[in-house]
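Chain IDs A, B, C and D follow the sequence of writing; residue 1 opens each chain.
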C-alpha cells in the first residue's frame, strides 16, 4: 500500500467517525462559540472588542485545538486502535499525516465559524482587499496547528497525565502561530489601520512554521508513539 | 435509519447471502479451497522461537526468561493464572513489547532488531479489540483490510467467515455485544491476511455456539496455514481445540504436553 | 528450596557514600574560589557604568546565568541527537541530556527573576515584551514540559527516545519563537537603549568581572552536570537492580510452586 | 543608593538558586550512593 493511500484511508476514517459521532459539530464547535461570547463578557467595551477581535479568534482556536486533539486521539486509544495500527505495522508517518489531515479539516471548519462569530459579535468588518491574505493565513496557520496538535497529541495519547501535559507542551510551541496569525488577520481586516501589505511577512512565518513542524512531526511521530 | 420497507428487503437479501455463504464455505472445505493466503512455502519451519526472553512492563519483569518454539499451522494453548505473563508473551511475539534480555525470532525475523518486519504479518487480538466504536462492523473490517490493500471481495469473505455479513454488517460497533466485537476483531485479522494469530482470551464473553463457531474459524485458519497461539483460562474448552498446551507460570514456560 | 533463604543480592561494600570524586572536589573548590572573586570584583572593585551606574553590577551575574541556561539547552539537544542518531543508543547521553535540562530550567528561572530586577532599574519596569526576554520565558515553559515528559515512565529506552524527540523539537522552536517575537516587537519601534546582554561596551575591570563570572558559572555547570549524571546513572542502576530482585523473586515464586 | 537593594538582591537570588540546586544534587547523590555497591559506580 503506498503511503499516500494509507494517509487518505486514515483521514477518511477519522472524518467518517466524526460524521457518525458528530462530537465536533455538537460539542467542540459550540464550545468555541461560547468561548467567543465569554471573551465578550470579559472585555465588554465594543471598540476594544473590535480592536482585539483577531486575537480572540486565534485564542479561541488554540483552546479548541486542545479539545480537538484530545478527541482525535481518544477514538484511537479507547479500544487500543493506535496500538493495533502499530501492531499492523502501519507506517507511522502515514498515521501522522492521515490524522493531521483530518484534524486540519476539522480545524479549518472551526476557524471559519470563529471568524464568522467575530464578525457578528465583535463588529469586525471584512473588506475585499484583505480576503486573499485572510485565506492564506487560515490555510498556513491550520497546517501548522494540525501538525503540532497531532505530534504532541500522539505523545500524550498513551499516558495518564495527558490532559494536563498537552496544554503545557503545545502552548509554548504554538506561540509563533498565535502571534503571526493574529497580526496577519489584523492586516487582512484592517483593524487599527493595519495595511494588507504588512500581513505577508507574517504569512511567511506561518508557512515556515507549518513546514518545520510538518517535517519535524513526520520524523518524531513514530518514536513518540512506539511502545 | 432506512425506511421500514427497505429494512425488510435488506434482511431478506442478508438472509439469502448468508445461505449462499454457508454453502460456499461447505463447498470450500470440500475441495480445500484456501480462503487464506497459502502458508509460506509449506515447509514446517518454526514460526515462533524464544530463548530465555525477558520483557519488562513498567519495571516489572512480565516475562522472566521464556523459552518456546511454535511450528507453522499449530494451535498452541497458553495456560496459566492471571498475571503469569501470557499477555506479555503474546505482545512480545507481536513485536509490541521490546525484548530486554535473551533472544527470539518470529516468522524468521529477530525480535530485537526486526520488530517492524514482524508486525504486518501478525494479528494480535488482545483484551482490547482495536475497533472504532463509531464505525459500523463493515467499515471497521474494511478499514483494517484496506491497510494491506485487501479487495472488497476479500473483505466480504472475511465478514462472511465470521458470520458478520448479514444484518450485523451495518451496525455500529458501539452497540455490539462483547462476543460480536470479538468476532469483528477476528474478521479484521482475517481481512489483514495475518499469518500468525495471537489471541488473548478469545473465548471470553462468547456464548456456547459462539465458541463453537470461533473454534471452527480457528481450526479452518490453522488448516489454511495460519499459526495460532491462544491464551485462555477455560481449560476444557480450549484444550480440545489446541494441538499443544503450554503452561505459563510467573513469566516463564513450565512444562509442555 | 535453598533459593528463598539466600540473600538475593550478594552484599557488596558501598564505601564511598557520595557521587563526589577527587576531580569534583577540585572542581568544586575552583568554582567556589572563582565565585568569591566574582562577588569581590562585581560588587567591589569594578567601576560604575556611565549610563546605568551601579545597575551594571547585576550583569556580572545575569549574563553568566543566561549563558549557562542556553549552554545547558544546547547540551540537552546534543545529547538527545547523539542518543537518537548514534549507533548504539547509549543511555549515557540520554542521562546527560536530562541532567543538563534540569540544570537549564533552574538557571532560566534565575535569569527571569534577575532579568526583571535589572529591568526594574534600567527600564523602570519589571517586564518588557522584548524578543530575548519573551523567548527565554517560553523556553522556560518548554523545558518544564521536557522534564515532565521524562517522568512519564516506561522502559529506560522508551523514556530516552521520547525525551530526545521532545528535546530536539524544543530546539527547533527557539528560532521560530525568537523570530516571531522580534518581528512583532519591531512593530513597536521604541528604541531599546540597553539590551540585557553584552551589547554594552565594557572595558578594563568591568570586562574582567564579566569574564570571571562566565568562567565561574561554566565551572559550576560542569560540576553540577557531573554530580547529576552520576545520580541518574545510579537511579537507572537501581531500577535495573530492582528488576533483578523482581526477576529473582519471580523465579523463586515459580520454582517454589 | 536605593539600587543597592536590587543589586545585592540579584546576587542573593542567583547564588541562592545555585546553592539550592547544588545541595539537592549532592544530597540525592549521597542517598543513592549508599544503596549502590562500589564496583557499579563507573566514576570510581
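We take it that a residue touches a chain if its C-beta (ideal position, glycine included) is under 8 Å from a C-beta of that chain, and two chains touch if they have at least 3 such contacts.
Computed from a predicted structure; not experimentally measured.
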Fill in the blank from the handout: Ranking chains by how close their C-alpha centroid sits to the total C-alpha centroid puts first chain A
Completion exercise
Highest contact count belongs to the pair C-D
Fill in the blank from the handout: Top of the farthest list for subunit D, CA-centroid basis, is B
Practice task
Take the average of all CA coordinates in subunit C, do the same for subunit D, and state the distance between these two points in whole angstrom.
Solution key: 12
Handout entry: Inter-centroid spacing, subunit B versus subunit A (mean Cα positions, whole Å)
Key = 38
Handout entry: Centre-of-Cα separation between subunit D and subunit B, whole angstrom
Key = 56
Fill in the blank from the handout: Per the C-alpha centroid definition, the whole-Å distance linking subunit A and subunit D comes out as 42
Fill in the blank from the handout: The positions of subunit C in contact with two or more other chains are 153, 158
Exercise for the section: Check each residue of subunit D and list the ones that touch at least two other chains. Expected result: none
Fill in the blank from the handout: subunit A residues touching 2+ other chains are 227
Fill in the blank from the handout: Chain pairs satisfying touch are A-B, A-C, B-C, C-D
Fill in the blank from the handout: Given the complex, residues on subunit B that touch subunit C span 54, 56, 58-61, 64-65, 98, 100, 249-252, 254
Practice task
Would you mind writing out the residues of subunit B in touch with subunit A in their complex?
Solution key: 94-98, 116-120, 122, 124, 126-135, 139, 143-144, 146-149, 172, 192
Problem - Contact footprint of subunit D on subunit C as seen in their complex - result: 12-21, 35, 39, 42-43, 53-55, 57-58, 61-62, 65, 103, 106-107, 109-110, 113-114, 117-118, 120-121, 220, 223-224, 226-228, 230-231, 233-235, 237-238
Exercise for the section: Would you mind writing out the residues of subunit C in touch with subunit B in their complex? Expected result: 153-155, 157-158, 239, 242-243, 246-247, 250-251, 253-254, 257
Problem - List of subunit A residues in touch with subunit C within their complex - result: 151, 155, 159, 161, 165, 168-169, 171-173, 175-176, 179-180, 183, 201-202, 205, 208-209, 212-213, 216, 220, 223-224, 226-227
